[in-house]
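Okay, got some structures for you below.
Both complexes below contain chain A, partnered by chain B and then by chain C.
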Partner chain A sequence: MQKHILNRLKKVFKVEGDIKAPLRIKIVADKDLVSSILLYLKNQMGFIHLNHMSCVDWIEDNKFELVYIVWHPEQKQTVLVHTFIDRDNPVMENIDTIWDQANTYEREMREMYGIEFPGLVGAKEFILEDWQEMPPMRRDFDTKKYAKETYATRPGRENARDVRKEIMKRSGEELPEFAKKYSRD
Partner chain B sequence: MIEKETTLYLGPQHPGITGNMMIKLKVKGDVVTHAETHVGYLHRAFEKLIEGRNWLQSFTLLCRFCVPEPDPMELTYARAVEQIEGRDVPPRAKYIRTIVAELARIQSFLLWYGGQSGSSGLYTLGQWSVGDRNYILDLFEDLTGARIYHMYMWPGGVRRDLPEGWVDKAYKTMDYLERRLVDYNKLLFDNAIFQKRAQGVGIIPKDKAIEWGVVGAPLRGTGIKHDVRIDEPYEAYADLDFVVPTYEGGDVWARALVRRDEIKQSISIIRQALDKMPGGSYYNRIPNPMKWTVPAGEAWVKTESVRGEIGFYVVSDGGNKPRRVHLKGAAYTHGVSVLEKILPGQNIADVSFILNSLGVCPPEIER
Partner chain C sequence: MFEMTTLVIPTEQRRSDEESLITENKMTNNPDKNIKTLGIPTEEEIKQAQIDFAPRCTSAGRVNDKETQKMVQYILNFARKHSLFVLAYGTGCGAIEIPATMTSRYDAERFGIRGAATPRQADVLMITGYLSTKTLKRVIRVYEQMQDPKYVIAFGSCTINGGMYFDSYNTIKALDRYLPVDVYIAGCMPRPESVINGFIKLQELIQNGNAGGGKCYRDNLDWYRANQQKVIKNWDFPDKYNW
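Coming up: the complex of A and B.
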C-alpha cells in the first residue's frame, strides 16, 4: 500500500520520496508543486484530512523547511510533504482554499517565522500583540537577550543568588529553620 | 427579530474553557451571526524555549502545554524521541504508560463533567466530579510524586516503578468510580435541562467532519469511528480489549454520550492492564542527559488524548537539543476554524456550552 502511494506520487509529480516508518510516507517537492500535490492527494487519492503544518528554520542553509502532513481516513496512511523556501524571501503559496483550517497554521507561520502567504485572509496578529521585533520563532531571535533588554528585574533577582536571603537582608527577618536546609550556600 | 448587529466580546474569562480565550461575536438579538477566535493570553513561547534546552529538560515545559491533561504531551514526545533514536521500551513500561494515559483520560473527563454541567447551570455534578478526580490525583501523587504535572514518562520508559500497594489502590479507585458513574448518569444525562440544552446544539456535519479537521470525541459524536489507539496502536493498546463508542448526530449531546461511554472503557482498560502487568525492567536507561545526543531525523507521532488526536512533529539535527518541537493539539482546529464555522446561528448562552463540548484548551493553540 505504502509503496503504491509513493510510486504514484513519484510518477505523477516526479518527486523524491521514501517510506520513513510504518504508515509514514515522506516526499520532498519543489515549492511550486506543493499545492498541486496537496490538491491531488485530497481529491484523487483520498487524503482528505490535513493533520498538521509545520516549519523548521535551517538558518545554516538559509532555508525554511515547510512540512504538510495529510492523512487518509480509510487506509490510515500519512503523507508528509516537505519543501524548502528561501529564508531571505520567504513566500509560499496559500493553501487555505484547499483546507480552511490551513488558514490558522499560515497565520501563525506568518507571525512566528515571517513567511508571507499571498492572499491570506485574517488578522495580522494571531498570538502576539504589538510585536515590533523580528519574528520570534526564527533561530536568530535571542529570547534571553530580548527578555533582559525589555523587562526589568525584580530587586534581589539580578543574579543567581538565593532570593530569600536578599529579601531577608532588606526586611531584617530571619530565615525560618525549615528553609535553611534548602539554602544554596 | 432584531435586525441591528452588535459586537460582543466573550471572554477571555468565561466558563466554557480551562484557560483564557476571547471570542469576538457579532450578534443579532441573542443569535450569533459571526464568530472570531482571539488567542494569545497564555502564550509562553514553550516551543521556542524547548529549542534551547536539552532533550530531557524539555519535559518540564512540555507537560504545561495543556493543564487539564498533561500526560499525553509527555507520552507523545517521549515516543517521538524514541522513534528518532530507535530506543526500545520494556513491556512493563508500556503497560504502566497505558495505565497513566488512561488515568489521565478519566481525570480529564471528570473535569469536563464539571465544565459541561457548570456551563449549563448544573453546579452539583461539577462539585462531585472534581471531588472524585482527586482520587485519581492521589494515585498520580503516589506514583509520580506530583498531582498535575508528572514528568513521569521519559524516553526509554517511565521514571519510577509502581510503588507497593499501588495496584490495590488503583483497583479500589476504579471500583469506586464505576459506582459513581451511575450517579453522574442520573444527575446529568437523565436531567431534562441538560437534554434540552444539549440536543441539536452545536452540530458538526458528518460529511464535513474529517475535512474540517475534527478529531476525538467530537468526530466520534458524528458517527465516524476513528481513534488513534485502534488505528495506530501504541504502548499496550494492541493487547487490550476495548471498543470505541460512536453516536450519530454531531451535537453536544452525542459528544457527551461518547465521553460517558469512554470513561467506562478507560476503567476496563486500566483493569486489564493491571491484570496483565508484566514483570521486568521499567526503564531502558538513557545516557547522561547533559551529554545525550539524538541522531538527526524527524518523527510525526500521534496519541489519542481526551480532546482528540494530538501529534508532535519533532526534528533533531543530531545535537543535544531538539531542533524543532511542534505540537498539534486537537484544540488548534476545534477552537479556531471549527468553532468559527459552527457558532453562527447559535444562541449566545450556548457558546460556552459548545466550547466545552469541543474540549477546547487554549494553551494548546498558542503554546
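Coming up: the complex of A and C.
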C-alpha cells in the first residue's frame, strides 16, 4: 500500500521520497510543486486531513524547511511533504484555500519565523504583542541575551547556584536527609 | 476597650464656641467686617463664610484622635482579614491549584477566602505563575482597577526569579518590579497547603497593618511605571493614575 502511494506520487510529480516507518511516507518536493502535490493528495488520493505544518530553521544551509503532514483516515497513512525555501527571502505559497486550518499555522510561522505567505488573511500580530525584534524562533535570535537585557533578575539569583545552604544558615533549619542527594555542587 | 461614650462629640456646643471665637478675632483684626449688611451677601462674604464654617478637625474629643483611629483600624483590619475576596483570574500553570484549594478537601472558605467575579469587588490578586509581557499588561490594568485596600499574592518560582522560564524571551522574572507583592509562595507548583499557608501569612500582615501595596504603588508610581514601560513596548495606558 505504502509503496503504491509512493510510486504514484513519484510518477506524477517526479519527486524523491522514501518510506520512513510503517505508517509514514516522506517526500521531498520543490517549493513550487507543493501546493499541487497537496491538492492532488487531497482530491485524488483521499488524504483529506491536514495534520500539521511546521518549520525548521537550517541556518547552516541558509534554508528554512517546511513540513506539511497529511493524513488518510481510512488507510491510516501519513504523508510528510518536505520543502526547502530560501532563508534570506522566505516566501511560500499560501495554502489556506486548500485547508482552512492552514491559515492559523501560516500566521504563526509568519510571526515566529518571518516567512511571508502572499495573500494570507489575518492580523499581523498573532500570539506575540508589540514585538519589535527579529522573529524569535529564528536561530540567530539570541534569546538568552535578550531575556537578560530586557527582564530584570532578582539579585543573587541570576544563575542556577544552589542557595539551600545559605537559606539553612539564615533560618537555622537542617537540610532533610532525602534532599541531600539533590545537591548541585 | 469599648469606652465609646467618651468619643461622643458635643457638636453643637463646640461649633458655637469656635464660631464665637472666630468672629471675635475678626472684629479686632478687621474693622471693615464689623459693618453688618442686611440682605444678599456679597461674594467675598460667601467665600469667607465657607472658610469660617467649614467643618474643622481638631484633636481633642473628635473621632480623628489617635486612640480612636487605632481602634477603628483594628476593627477594620479584623474585618478585612476574614473576608479576603480573591479575583477569579489565573495565569501560568498555577491556576490549577486554585480549584483544589477552594473546594471541599482543603476548603479555603473557612478562612474567609472566596472568589470574586470582577476586579472592583476583589481584595486579593493572585498571580499564579509565569507572566508573559502580554499578560503583564492586562494584569497591571486589572490591578489598577481594584479598590483599596488590595493585596497581591504571587505563586511559584516563576514569579520569584523566573523559574524554569529564566531564559524565555517573553516572560518577566521578578514580579515585584512591576507590582507590589505582599506574599510570595515558593514552589513549582505550591500545593494547596502552602497556598493556604500563604493566605494565613497575608492575614497576619493585614492584622498588623503591614499589608496592602496600594499606597506603596501610588507613592512609587514613577519607579513602577519606568519598569513596566521597559518591558511593555507599545504603551497605551492612560497617563494619569486614574481611579
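Keep this in mind: the second predicted complex is superposed on the first by the 155 of 185 C-alpha atoms of A that agree within 3 Å, B and C clash if a C-alpha of one lies under 4 Å from a C-alpha of the other, contacts with A are read in each partner's own complex, and residues count from 1 in each chain.
Definition applied: a contact is a pair of C-beta atoms (placed from the backbone, for glycine too) under 8 Å apart; a residue touches a chain by one contact, two chains touch by 3 or more.
Since this is a predicted model, take the numbers as computed values, not measurements.
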item: Contacts of A:Glu129 with chain B and chain C, given as first, second, both or neither; value: both
item: First (chain B), second (chain C), both or neither touched by A:Tyr146; value: second
item: Partner chain(s) touched by A:Lys11 [first = chain B, second = chain C, both, neither]; value: neither
item: First (chain B), second (chain C), both or neither touched by A:Leu23; value: first
item: More chain A residues in contact [chain B versus chain C]; value: B
item: Touched partner set for A:Arg154, first chain B, second chain C, both or neither; value: second
item: Which superposed partner A:Pro73 touches (first chain B, second chain C, both, neither); value: first
item: Contacts of A:Gln101 with chain B and chain C, given as first, second, both or neither; value: first
item: Partner chain in contact with A:Ile48 - chain B first, chain C second, else both or neither; value: first
item: Set intersection of chain A contacts, chain C complex versus chain B complex; value: 128-129, 136, 141, 143-144
item: Chain B-facing residues of chain A, complex; value: 20-21, 23-24, 48-52, 54-57, 67, 69, 73, 76, 78, 80, 99-101, 103-104, 123, 125-129, 136-137, 139, 141, 143-144
item: Interface residues, chain B side, partner chain A - complex; value: 36, 39-40, 43, 45, 47-49, 51-52, 83, 210-213, 224, 226, 231-232, 298-300, 302, 311, 313, 315, 323-324, 326, 328, 332-333, 336-338, 341, 366
item: Touch list for chain A against partner chain C, complex; value: 128-133, 136, 141, 143-144, 146-147, 150-154, 157
item: Chain A contact footprint on chain C (complex, rising order); value: 133-134, 137, 160-162, 166-174, 177, 227, 230-234
